[in-house]
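Every chain is named by a letter (A, B, C, D, E, F, G, H, I, J, K and L) in the order it is written, and numbering of its residues begins at 1.
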């Protein structure tokens, strides 16, 4: 079958690590998006407070298969 | 009038050609998006099986006019 | 708290200026998106009629906090 | 009909604003190019004198339809 | 001999395929440019009408050898 | 298992189409590379002769799983 | 003489316009940097409050001639 | 108030992780720069010794508010 | 001596972290490549299963000194 | 005065050096373009014959002031 | 005939010049690769010792025709 | 030890060659920066006078180890 994917962009944040920031974004997306297949890191940033990393912010693009008419 | 467009990103796939992959993505998007105006190719990839192209995957950005409050 | 943002892409247009094109896009987005935090300019284009700028078109990415399950 | 466009690159300058720099470039191009359709901003720079912006320089690509043999 | 090339940018369009859009641009350029040697695809876009691809638009850079004083 | 892939870059050419140029590159690679999984288009160019496209040249990156010590 | 320039990066902000954001950055830089010659816009962003642009943020690179040993 | 930021580029290194490399760079910068606000990852590299990662090197851009005349 | 390096591109994967994905790729490369000196991260992606990160995929370029005729 | 510049792209070649390739392109352009002001290197390539550099090819963008109606 | 090329990436170094760094890389590659056709400069770097350039490092991509089964 | 580097950007100019422009920038930087380790070429431009190259301008990023509190 010839599949169609939709790609959305999210930014996750975490005080701990880049991986945790990505996982937070995907966990949040999983509440409303089914059939997520892959992600790609677009940008890694962060905020600094008192001379230390306060949290990491990782922006990712998530691709998911489009399986019903109300998603696109 | 000063028009506003929303841009979404889709990936279409096809065993035949890049054009067919694009057309599949647009055909699928047409089920839920009205007033699509243009597209731009962002990335062309594909999968290989048994040493041959299994299918093409073309990622496009589609722009459409925003005409009612529940689209953006 | 570890916040998640969703980023969407819009193109605003204006006969007057780039700033007005951006503001038109954001004003339109505000009808359906709450909690918008920032934007980034991705592309600036325009149309020409009779040898003059007919209108500016500025494409922006808007980031907003995701606060309920039906947004992502 | 299947139209062909030619794209040329110009840099306009203005003491006032980026928009005025773009308009100066297009106004100048209009003296010799007919049927201009669109532009895209490629680069925005400027010169500084005495600690202030002396003028803005905006480089644009202009697309126009090719309608006679002596243009390309 | 130490050759000099000039590069120009054209956008061809076609209802059928990307290849046809490129060939239309080159065919049109051939009316006024001699000694074209190569091209490079810069951008692939298209217009959509009634939920289908209306035509493909491929922007290419064409390189040609400069052989007489009135070309550059 | 945690798979490792090697990526190589090839340029295929074809008088007919971009797809055929890609397929020629992959067909040639299949003579010496096993377990190819995907490709990505990096660049599309071509040569011009007598004012027409002589052939398309498509540069792709091919990813394949590394399964024995003499491949990397 | 063979001049050397140093380039620094600043982000200016303004509630009014992109030009004013650039001018604010340059005005601030002028307090400590002499002999500034040019700038280049690297990025244009902004913050949104209550569904409106709160302020524009323009990041520029400023080049200045190095004229004494304590600048570089 | 219309704030001005200065952006500087640092490369931190760590034997452990990318996050630790970033934190080392920021910790070092904190000795001389006050009011750091954010960072952005520009490049991630590393050195290899004896077939293993010897250390990660992450290059970041740090933005800080300019609050006195001797910083810019 | 004037050294020559060869650069190859590998993609490592890991369920745990980006660092582990990089280390897996380098560990695998070490089986056949001697004298590896550095790496650079080119792309970070991943796969998602059941709404969670299944594994990270990091593509790196590895540089190694060319010390014998059968490597290049 | 608010000056307008036109930018054209040329590729020069030389058996000797990159600088000579650039100078060949500019020398050739000087036959038909007056008031050239600056150039920017876009791409550096070359051809190889018998395992040695046959010649360098440097593609540059040249900016010149537009001073009469038949140039743009 | 429809030719296939393989592209490899090498970094050459030289105390003298960028051209010599490129030539060193190609001369080294010529020991194992036949039928090299072209190169493209990807990156120019260098090392500094005692406040002077110690050597230039130029990374190039080399394309060669694939003429036998054991090359790809 | 886990080293931190600071990166600064300079533009050197030379009537002779790109290498000389780079060396001029580094020679100038050496007056105030100790422990410079490497550079990377970011941009190559130049000025034209009377249809000839007046001088080359090469912009480089220089990395140096941060060894005392008053450098960053």
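Everything below uses one rule, namely that a contact is a pair of C-beta atoms (placed from the backbone, for glycine too) under 8 Å apart; a residue touches a chain by one contact, two chains touch by 3 or more.
For clarity, every value in this text was computed on a predicted model and none was experimentally measured.
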Count of contact steps on the shortest path from chain B to chain L: 3
Per Cα centroids, the chain farthest from chain E: H
Intercentroid distance (Cα basis), chain G paired with chain F, Å: 44
Averaged-CA centre spacing for the pair chain K and chain D, given as whole angstrom: 38
Chain centre separation in whole Å, for chain E relative to chain D (CA means): 20
Contacts with 2+ other chains: residues of chain C: 8, 17-18, 29
Which pairs of chains touch, using the document's own definition: A-B, A-C, A-H, A-I, B-C, B-E, B-F, C-D, C-G, D-E, D-G, D-J, E-F, E-J, F-I, F-K, G-H, G-L, H-I, H-L, I-K, J-K, J-L, K-L
Residue ranges of chain I in contact with chain A within the complex: 17-18, 43-48, 51-53, 56
Residue numbers on chain D that touch chain C, as the complex places them: 17-19, 22-23, 26-27, 29-30, 36-41, 62
Of chain B, residues touching chain A in the complex: 8-15, 20-21, 24-25, 28-29, 31-33, 55, 59
In the complex with chain H, residue positions of chain L that touch it: 2-8, 61, 63, 66, 69-72
